[in-house]
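Below are two complexes that have chain A in common, paired first with chain B and then with chain C.
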Partner chain A sequence: MNTVMATIFSASFLFSVIRLTTPILLAALAALITDRAGVMNIGLEGIMLCSALAGVVGSAAFHSAFLGLVFAMVTGVVLGLVMAYSALNLKADIILVGIAINLMASGGTIFILYSICGDKGNSTSLKSLTMPSVNIPLIQNIPVLGNIISGHNLLTYIAFLSVFLIWLLLYKTPLGLRIRVVGENPNAAESVGINVRKIQYTVLVISGILASIGGAYMSMGYMDKFSRDMVAGRGFIALAAEALGTGTPVGIMGSSLIFGAADALATNLQVLDIPVQFVQMIPYALTIVGLIVYSISRNKKEKKIGISK
Partner chain B sequence: MKFGKRLLSAILVLAMSLTFVLTGCSSEESQGSAAASGSTAQSGTEKAGKKLNVAILLNGTLGDKAFFDSAANGAKMMESELGCTTKVIEMTADETKWLPALTDASENPDYDIIIVGTWQMAEKLAQIAAQYPDKKYIIFDSSVDYKDGKCKNVYSIEYKQNECSYLAGVAGALSTKTGKIGFVGGMENTVINDFLVGYIQGAKAANPNIKVLTSYVGNFTDTAHAKELTLAQINQGADVVFQAASNAGLGVIDGCTAKGKFVIGVDSDQALAFQSSDPAKANAVLTSALKRVDISITKAVKEAQAGTLKFGEAETLGLADNCVGLGTYNKGVSKDVQDKVTEFAEKIKSGSIKVDTAFGKSTSEIEAVKKSVRP
Partner chain C sequence: MADNVADNVLVMENITKVYPNGFVANKNVNFSVRKGEIHALVGENGAGKSTLMKVLFGIESPDTGRILLNGKEVQISNPSSAIKYGIGMVHQHFMLAPSLTVAENMVMGIEPKNMFLFDFAKAVQMTQDVAKKYNFDIDPKSHVKDLSVGQKQKVEILKALMRGAQILILDEPTAVLTPQETTELFVQLKELKKQGHTIIFISHKLREIKEICDRITILRDGRSVGEAEVKELSEQDISNSMVGRNVVLDIQKTPAEPKETILSVRDLSAVNKFGKTTLNHVSFDVRRGEIFGIAGVEGNGQSELAEIITGLRPYLKGSVKIKNVEIQNLSIRKIRELKTSHVPEDRMTFGIAGDVSIKENLISDRFYKKEYNHNGLQKAKMINEESDGNIQEYLVKCDGREQPIRMLSGGNIQKVVVAREFSSNPDFILVDQPTRGIDVGATEFVRKQIVKLRDDGSAIILISADLNEVMELSDSLIVLYEGEIAAYFPDTKNITEQEMGEYMLGIKKMSPEETGDVIHEK
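So, the complex of A and B:
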């Protein structure tokens, strides 16, 4: 028991929390930006999976990890545009479009993987590259903190930087204001001359970029290969983290860290006497608790608005 | 426009002629097989000693560096060692093609023996085997249901994975410097626990004070989670980790490579699989616990050729039959360790060591096994 406690309160545990949080945080930010403009992007899982493969293929083809990341982001943008075109121009239900993207990604990535590598399981035969890890000067020399904060993958820092950038975008720019207005009341937005469709196109593209960085992190940071269905539900956990984060970038960073910590806890508790099945349940049970807390707080808020009306 | 029309008519003509050819073939075939099935029935025993014609139907594609490639290698062994005629048919992962392909092969009078594999084929094979009672079938890594005298024409091969994982445990326990080794399984099911039970028993035999950390990914695909579990085990002192997690096992290999620890591969020789594409990973592989599909099916066909193969029965093959074992060793594994492993292997073969199995064990019994080596 003591050894486990020592493990949990160690620098390496907190380091792994940040590592586990990264993909969830990026995808949750992707969910946030669309949600604020009144579109529900449920296809995050699929976008992540496709761009995870695109990153590996791109980096192997161009012999550059950076170009691999760009290729992954292009994939994310294209998928975002596909979603926007189907949902906004062709008037398909956005939830169904998202589900279609997820199904297409699961089968499609295996198909593409097989046609490139001749292997349906993973990209072992491709010489793909990974994004570099970064040691932050000065901070890396601080005893405990340096071991926790420094030495992560570049994409991890991009993820936490994105929290700030998205906050800046939403609250400090005209575009952010329009996004929020469209999300609150699209009819009112239209009446004052905001092009609702253009705004929603924009957020789906931004969402695609964020999710694709999350996907690229899976195959070019966390792991160094692509393997089938490697995103493994993180796109959906991100949706829960977004709901739990009360719609603000900082709130979402907090909720993503909670999910990351739960995941790290589940990993480290496996060696204890607790049944494996119980430990594996922790992140998911937490998701349900989080959603309940969120819906209670939202109900209260709505009641308040109802009274003021 | 004009070109489009021409293309369309060309396609239609092609389709029509193909239909004729195909229907022509199939009617011929069914007549042929009606006549032939009678003759094969009588010749089943007469054929002893004759060179057999073997069809191997794989419910996947080659290139998996494991099971299916091993089966294809078995076909080569049959040709060179037994003089058989073989045909390997990739039915692809598309499950809708499996039953038609198996029916087609059964209709073909040329094939004496049809080989399929994995549990996913067991039920389909039982269905087809009943329709073609005169054909002979072999299934590997699974067994058909023999109740009520069914499947008299099917021979099933199962593998003692607990024996190869026993040796993996011996190799792991002799290679660790910390006295702690790890196990990362895919899902907690009986086959995976069979690996675990053998692994723990082997490790304890080599070092009674060994500690074994056990984790399960919860699926066979989440490589990142598998890597995280591996890193957690390494943080807690493990320096050799055995993976039985199929595709997710890549995460275990990656984690061990990143931390400079050893990993023990599974099913195929994973050092060879990574040799050309990723030497760093290949160098992290201590050895691999293998199921030798090639050897087992060649052995079965050899017996069938001699007329001694026991159709209508399931056999579990292990070390004594050379059908499970360890792959190539890492350069870092000393001669002493290899000799020690061979020594244990000989004892298992001779029967002086009996390897435990998870089959027939209750959950609490398996828990007790895990607990006995928990740090």
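So, the complex of A and C:
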């Protein structure tokens, strides 16, 4: 037990919490912005997986990590547009479209990986690059704190910066106002000439970009290669984080940190004498527990005041 | 029409609109409106008013016909272009986002910007400016969800005015207002008229049309029956030409003969999901053989009360007994088996299953019963016969019992609901907004059936936002204000609309002794 406590209260553990929060946070923000416009994107897992591969392939092909990131983002945008076209123009159910994207990504990435590398497991044979880590001047010299928040991958800082940017977008810009109106009462938006479809296209593209940065982080930051199914459910955990985060960017940052911590715990506890599979279960079990706790507390509140049976 | 074309700010010529399912909504309709007038557009449900206005507002495109604004032909292909041409629409269901502020709702779509950011202060300023210009009293920073229905409507009107609307379409604007709010609205509409705006006023309430409108166009079965000066027509004339036959406008009934108490409600309290008290220690009795009206501005506890009594919503404090059985832990089926019925407020959600046939909707409260089944299979012949009987008795206009119910007009859908709920000969029935949004003919029919049910010995609760209806149809009534009984009238004969309005708005309130008389079994 002591080793566990010592692990949890070490600077390196907190560092890994932030590291592992990054992809969840980006995807949760992607979920948030679509949810606010009434077109919940559940294809995040698939978008992340595709862009993780795209980042690796792009960086190897262009010999540039940044161009790899751009390639990943283009992939995210394209998938966002595919979802938008199917759901908004062809009137397919957006949930089914999301499931289709996830299934396609799972098999499709392995197929492409095999065609390029001749390997169905990972991309070690590709000379892919990673995004740089950033040491923050001054802060890196502060004891303990410097070890926790400095020295992360550039994309981690972009993730936390996105919390602010999404907040700014939603609450301080005309587009944000339109997004919130479309999500709350699309008829109202339409009646004043707001193009509902255009707004929903926009949010799906933005969510594609956010999720693709999260995906790229997986293969160009967290790891330095692509391996099959490496997103490992983080796109779904992000949906849980979005639900727990009460629909605000800051709330979502909080819930993403909780899931990031669970992920970090799972990674760190693998050194102990517990079966690895059991430890790896932690983040997913916590997702279920979190959602149950959230639903129970909401139901209790409703029962208490007598609005549900 | 050609005599004074110059005065016509809007002319719609030979508008025909056929929907893809073959329904002819408008057939060669001519509609012209003069500048600066309040023009009534009336007709039964399905007569084509909504379609005509949708065409004008660019939501539907007509198959033939043209629209002239100030003598010039225009193409209105979507709401944006309608707004651009100075046409504004105040919808029956408010087009507002409740969680946002008034100012944000006002400027959505035309948001003021400071660099690339939304300029909230400017939005507030813009709202104040337009409110001041038209003499509307509204707080731009309050949230729409905290506003009364009347205030929300003001926001809707201002929203259209801010976008430069010269022609305002108001779709049944008074349906949800109290008499006082209606009076206030009419003052504002007259002010708008004085400032040169033209108003198209859609309404079922003939008295209001007589009061405020200058001219009238009457539609029937998708055709224009004619247009006239309002002052040349009586209410009876208008309703006769709408329906095409003689309609009895007054409700005819004998005095009630109340018998034993069927429903008794004691100290009932409830809160909504925001924790706000919606019912506060409400107690009353309803007896066999009376129509017990519940009046009040929407949102003062009527919906919660109706949901609790019919078992749709749980309750924690107080008691509700039907024939001395406490219903707190009973399922809806158990409550219905106490011989109770319910005509719900929202008929499309709670009254019917839209894609299912008329027949199946008619038996949806009884299909499981023994007499309808034999060895686990339904008795098709008996059910068919019963359905045909109900369709005939309740004058449901349809192609037959197998037609999906959503193909019917609102009035006929309501007749099906009424047929199902009334034909089970209930001891107690709650009818919630029985004639909302249905036409004069169907309204007359439904009201007659309610009186007949009373005479056959049912205890009836009538909840209605239509003040006229609740006052004339009920034998006794209570007024709810902020979840409390503000007034009890054992006899509805001597109440004035003015007096009712004062209780509904909370200006006056009866003492507990006076309202305590509503409890007949001490």
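Note that the second predicted complex is superposed on the first by the 275 of 309 C-alpha atoms of A that agree within 3 Å, B and C clash if a C-alpha of one lies under 4 Å from a C-alpha of the other, contacts with A are read in each partner's own complex, and residues count from 1 in each chain.
Operating definition for what follows: contacts are C-beta pairs under 8 Å (C-beta built on N, C-alpha and C of every residue); 3 or more make two chains touch, one makes a residue touch a chain.
Small disclaimer: the values here were computed from a predicted structure and weren't measured.
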| item | value |
| --- | --- |
| Partner chain in contact with A:81 - chain B first, chain C second, else both or neither | neither |
| Chain B versus chain C as contact partner of A:192, first or second or both or neither | second |
| Touching partner for A:121 - first (chain B), second (chain C), both, neither | first |
| Which superposed partner A:181 touches (first chain B, second chain C, both, neither) | second |
| Chain B versus chain C as contact partner of A:112, first or second or both or neither | neither |
| Touching partner for A:12 - first (chain B), second (chain C), both, neither | first |
| First, second, both or neither for A:134, with chain B first and chain C second | neither |
| Per-residue touch tally on chain A - higher for chain B or for chain C | B |
| Contact footprint of chain A on chain C as seen in their complex | 78-80, 83, 89, 91, 93-100, 104-105, 108-111, 113, 116-118, 159, 163, 270-273, 275, 313-317 |
| Residues of chain B that touch chain A when the two form their complex | 60-61, 63-65, 93, 188, 213-216, 218-219, 221-225, 227-229, 231-233, 235-236, 246-248, 250-251, 254, 273-274, 277-278, 371, 374-375 |
| Chain B partner contacts - residues on chain A that touch it in the complex | 3, 7, 10, 12-13, 16, 19-20, 23, 114, 118-122, 124-127, 218, 222-225, 227-230, 232, 263-264, 267-268, 270-271, 273, 276-277, 280 |
| Chain C partner contacts - residues on chain A that touch it in the complex | 168, 172-174, 176-178, 180-181, 184-185, 187-194, 302, 305-309 |
